[in-house]
């Protein structure tokens, strides 16, 4: 019981506090890669603090949907933090759900954010919402088929089960089918978290923005929550990728030492993924909006290939 | 009078629901009256599957009748047909021989047809009623042929006799009977491409009727498919399951794609019913495939998922139709591009509609999520069948289900957001108000049941699984975890809705508390929408339903084949001064263009040719007689 | 005795009513109709008790099948008589009443005689009695219709005479000469020994001949004209029972031929013509322009269905066909009576000329809708059950292709009928259109629909046994 | 007897063919009278040879009805009509060819009857049936109401001949009904033709094509 509470607290803290850092690190890395000094990795914390101290400006057009959305967003991410295996294979709420639950928890956020975008009655909000749900919808098949690919190999889709099963046979993580699924999932992560080449989190160019268009009307503490939730989403996605596809070194039994070991391993994997992400973001220009579906179709093809490779090459 | 009828309907619903639940719990009843009609007379049998669908009828018809009661004063037409409709729907699952079934089935169709026709008496609802009646009749013809064939082969019109004799039939005979019956039921279930009536008829009916049509009636099509694929004809070959699964996959995707671009709120809901029927069929198809492969536990899982989704869809689709009905009633329009801002004027309806939208978009912890999750679990274990072709079918089902899930979110963001959020786009929407108390009560009941069916899945799913086990004749109950957690196939997957719900609630409270602690609840300044500094916000600047659907139109343009109409009226003085721009971007229906219109055209031309026979010439008429005589003399 | 009253009442009335005029005529008209109906009931009761009734030394004879038809004729003529007679400029009711009863008499005689020769005379008589009724309006259209009716039906029924002669030939060839050689009872008794080929040949003539009267395609061409131009009560009688009298005549001979040559021969022919009738009717129903013609084509369709039932055979098929005859008679006569009212109110028999029926004439329109639903074969009305019975016999007897094809055609006919009904029932009506006042005018039609509901969801006790009995009379 | 009946039947058929060939209306009417008289002779012959005296009565009725009464009505109908078609008519050659074909068909169709028959009159049966078919053919090709009536009467005559030859006449009640029938039909036709002429100023049947579809 105490161990459970400890794990819960560690995971919550890791996600809640570590997420802005991860975002900051990616930014710093990107800056370094293009030869700028860039901001400090800790800059997001300063941003959040600044926003929390400000007033809210709320449009008279909006309704309670607009007001609750930031809270819903943050809450879904925190709840997800209790499900994703970060420092241990079976966290507190590991029994409560699997990847599918996670994806749908994320969809709650998308759902409300898109509504909030519409709520203000501006053209940009609607545009962002429309694009966001389109991307989310098109990413969904890839996610589920990639999960299917995983389930085929692990015999379960419970996150803990996958991590333990694949952790026990580390070489399984290097089969081609598995890597294909990983690639598919990685593309989905890019789309879902609004990174290049799907969306550019660094600009507010009206006609191309997706995520930023939805949150255009938010200000002050609300904006802080939204930004925080966005970075948590990135964190969770990357952690999921890391531990689900490469579950090396994820402890299965609770214990202080194990947790610490798990934390360090996770940090290493996240750093690696962040580097990959940063490299990609500096190497690729943003896609035209209506070529995004092609990218997602490509990821779907990868996922399907991963599945068929299994039962055709049985 | 009207109020009495609707009260009576609600009471009938309650009784039917109670009988249904007792049937699910294993109470068996049988009533026969061979004297009343030929071919075995009337015969009613209550078994668990019938009980489940009875419960479904009761469950949806109580709130729908309440809603009718709420509108009893303004809307009196069709009340008797409504009562007949509810009663006939309750008879269909009980019917235990061909004639009883066909009678109940056709009475149900007739009552709903009358309700559709009386919905508006406008041109379009008449046309809708025509299409509906004709499609239904075509479906009935298939059912009739299939049942009579079975009757001829087995020597009895009793379903019990079919069950007993089915295994002795030749495979081709069973395939033929299955095809006919499945076609007939598929029409009712709104399976693509037999769905054309659905988006026309459902919106045309009054909303509490649409709610029942979408929530329950199309489920009875599913009921028939369950019966014919797993019960009446015994255990079927794998291709039945594959056909159902693929039909379901196509229906789900096409349904939601059609829903996502439509501007008519009720049509959106109707298309979404096609989609959900598709999801149900995906689960059912998986069940049939597993049954054919000799994996009864998984078969039960698939059927359970299908039935559970049927129940859930009844809950949220009824809710959404009642909500849409309240909107239509309050504003007089179904066009989403004329609505907007209703959340402030109809807060109750908005909250309930949002719950329904979230449930149908499968957001946890509501019920839609659980049944879709269950369906996916049934699909994901297909590797146990070692046939690549079957696996491929499953993979397609998985992908379709996933795509559908994503698109549904988009669809209902649009439906709710455009209808209820921001500011009214037209005057009618600005004067809207919440409906009367009974209607609000009905919606609230349904919204709460969406939540209860989701969080309480661990109580509901095992009960449904028992129905499935009984249907498939598996001896032991399917192990499905404990009261807190739903466990599928041992360690394969688990889900705890109470835990997720609690975590979400606690996290939400935690965030609020954290905000308060961080002192973030600072001053709130009210101002007009910023919108990157744009001045003077008007409703014309809002994103419209059409605009919202645009990305989908672009991505799936091979399906929508949109056409653009731009009509610009310039000032007579200079064409640079534009007075009016009209832009329309309608989509074209693949099925109308490539299936139904050519078909109607052919029939029409054929009829024209035959009609030349009656040319008015008496000599010609006499010649027909002479020729007929000679022909018969020669050939006979 | 009851049989004599049954035939005597309308015949006497025909004579009497030629002399009386004015209000007494209408009273006498109703009284005689009631007497006829009572006598029909009495005959039916006697038949149920004793199996058959005879009179005039066996010349008149009613068995189960006759009783079925007699009751039907009485019912429909009661319905038709309940409708006020058409008030047409040129023709006073003086002509209408006697011919009406003469018409009823000839039909009753056709089904109430044992002598197939006399039956032929009576069937020909139905044409002669009704042809004037068709031309009651004396308009160009009704003249044309009556002319074609007379010409085509005379030719057709004359062909049936050839058939009768051939059967008679076979009969006396077998038997030598006998006084009762044309009696149906004699024919049935001798049937097994008759030369098959001759009897088959005769049946072809009979089929074409009586088929003309029954409205089977391709001999149906007179039917839409005559039925649409006749005044409503006459159309009701013609569509409701006259066609069935043609079928009745065929049935009598079918029994004989089946015993002489085996049932396949007649079944094949009936199936072919039945299917053709349904197909042709469906094509016309798909896009009708005139509602009375639409109803007429629908009669062709239903007679086709009846023929299918007879062709499929078996107790279920024949029983279903008989029930279908009755159901169709009730539904169709109600529709024709209502269409008379509609025509009077709107002044047009075109579908395009009638809109908003349900709004402007709620009682008539409502009954019209219900009767149309019944006619299209929807429950809770009886046509649904009888069609199910017929098709059940079809699948039972292995005629899948025919059953399936006709089901498909019925769907097409349904679509056409429904579209036309929709055009008439909904929309906005001219303000001049008013309904027939009072609910009393709805009673006869209401009773008919109630009867249809009975045959549709709750058979009266004895109906099943009666159908079974009659089917056994006819079956091998 | 066989020779006599066969010869009379043959003559009847010849008269039928002549009617097909003739174009002038009075001529056709005359031929019809001849045909009816031939039938009466046939009935009388059979009455004598087969010892069936009621057939004499039938012969008398035929003479009265078909050789006197009906031709008179036909004459009334045609009053004021041009004797020949105003427009040059179709050649009768085609019609005669068809009639020839129908005679062959009649022989084929009546095979089952002649096969089982042992009557002395059987040779005439196909001829009578050919009269029936040709009568029907004349009705079908009739260009005006008169043509229809005449065709129908020929057809009726053919049936009469057939009944006579195949069964020595039907029972009296039926026979009487048939005669009454023919008379009523002709009378009704007369009424219609008069009314048609009033309405349309012509009795050409192509005027009667308003009801269609």
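Some observations on this one:
All chains are identified by letter, namely A, B, C and D, in their written order; residue positions are counted from 1 within each chain.
In the analysis below, a contact is a pair of C-beta atoms (placed from the backbone, for glycine too) under 8 Å apart; a residue touches a chain by one contact, two chains touch by 3 or more.
Since the model is a prediction, treat every value here as computed from it, not as a measurement.
Taken together, subunit B and subunit C share the touching chains D. The pair with more inter-chain C-beta contacts, choosing from C-D and A-B, is A-B.
For the pair subunit A and subunit B, the distance between mean C-alpha positions equals 34 Å.
Annotation: 77 Å between the Cα-based centres of subunit A and subunit C. Per-chain CA centroids place subunit B at a distance of 69 Å from subunit D. Residue positions of subunit C touching 2 or more other chains: 147-148, 151, 155, 200-201, 224, 284.
Shared interface positions of subunit B, i.e. residues touching 2 or more other chains, are given as 611, 614, 618, 622, 625, 629, 633. All chain pairs in contact, by the document's touch criterion: A-B, B-C, B-D, C-D.
Of all the residues in subunit D, the ones that touch subunit B in their complex are 105, 109, 133, 136-137, 139-143, 148, 205-206, 208-213.
Against subunit D, the residues of subunit B that register as touching in their complex are 611, 614-619, 622-623, 625-626, 629-630, 633.
On subunit B, the positions that touch subunit A within their shared complex are 340, 343-344, 350, 354, 358, 361-364, 369, 373, 376-377, 379-381, 383, 386, 388, 391-392, 395, 398-403, 405-407, 409-410, 412-414, 416-418, 421-423, 485, 491-497, 499-500, 503-504, 506-508, 510-512, 515, 518-532, 534, 537, 539, 541-544, 547-552, 554-555.
Contacts from subunit A toward subunit B in the complex involve residues 52-65, 71-72, 74-76, 78-79, 82-83, 93, 95-98, 100-101, 104-105, 107-108, 110-111, 114-115, 118-127, 129-131, 133-134, 136-145, 147-148, 151-152, 155-158, 161, 204, 206, 216-217, 220-221, 224-225, 289-290, 293, 300, 304, 307-308, 310-312, 314.
Taken in their complex, subunit D has these residues touching subunit C: 109, 112-113, 115-118, 129, 132, 136, 139, 145, 148, 152, 155-156, 159, 162-163, 166-167, 170-171, 173-174, 177-178, 181, 184-185, 188-189, 192, 195-196, 199-200, 208, 210-211, 213.
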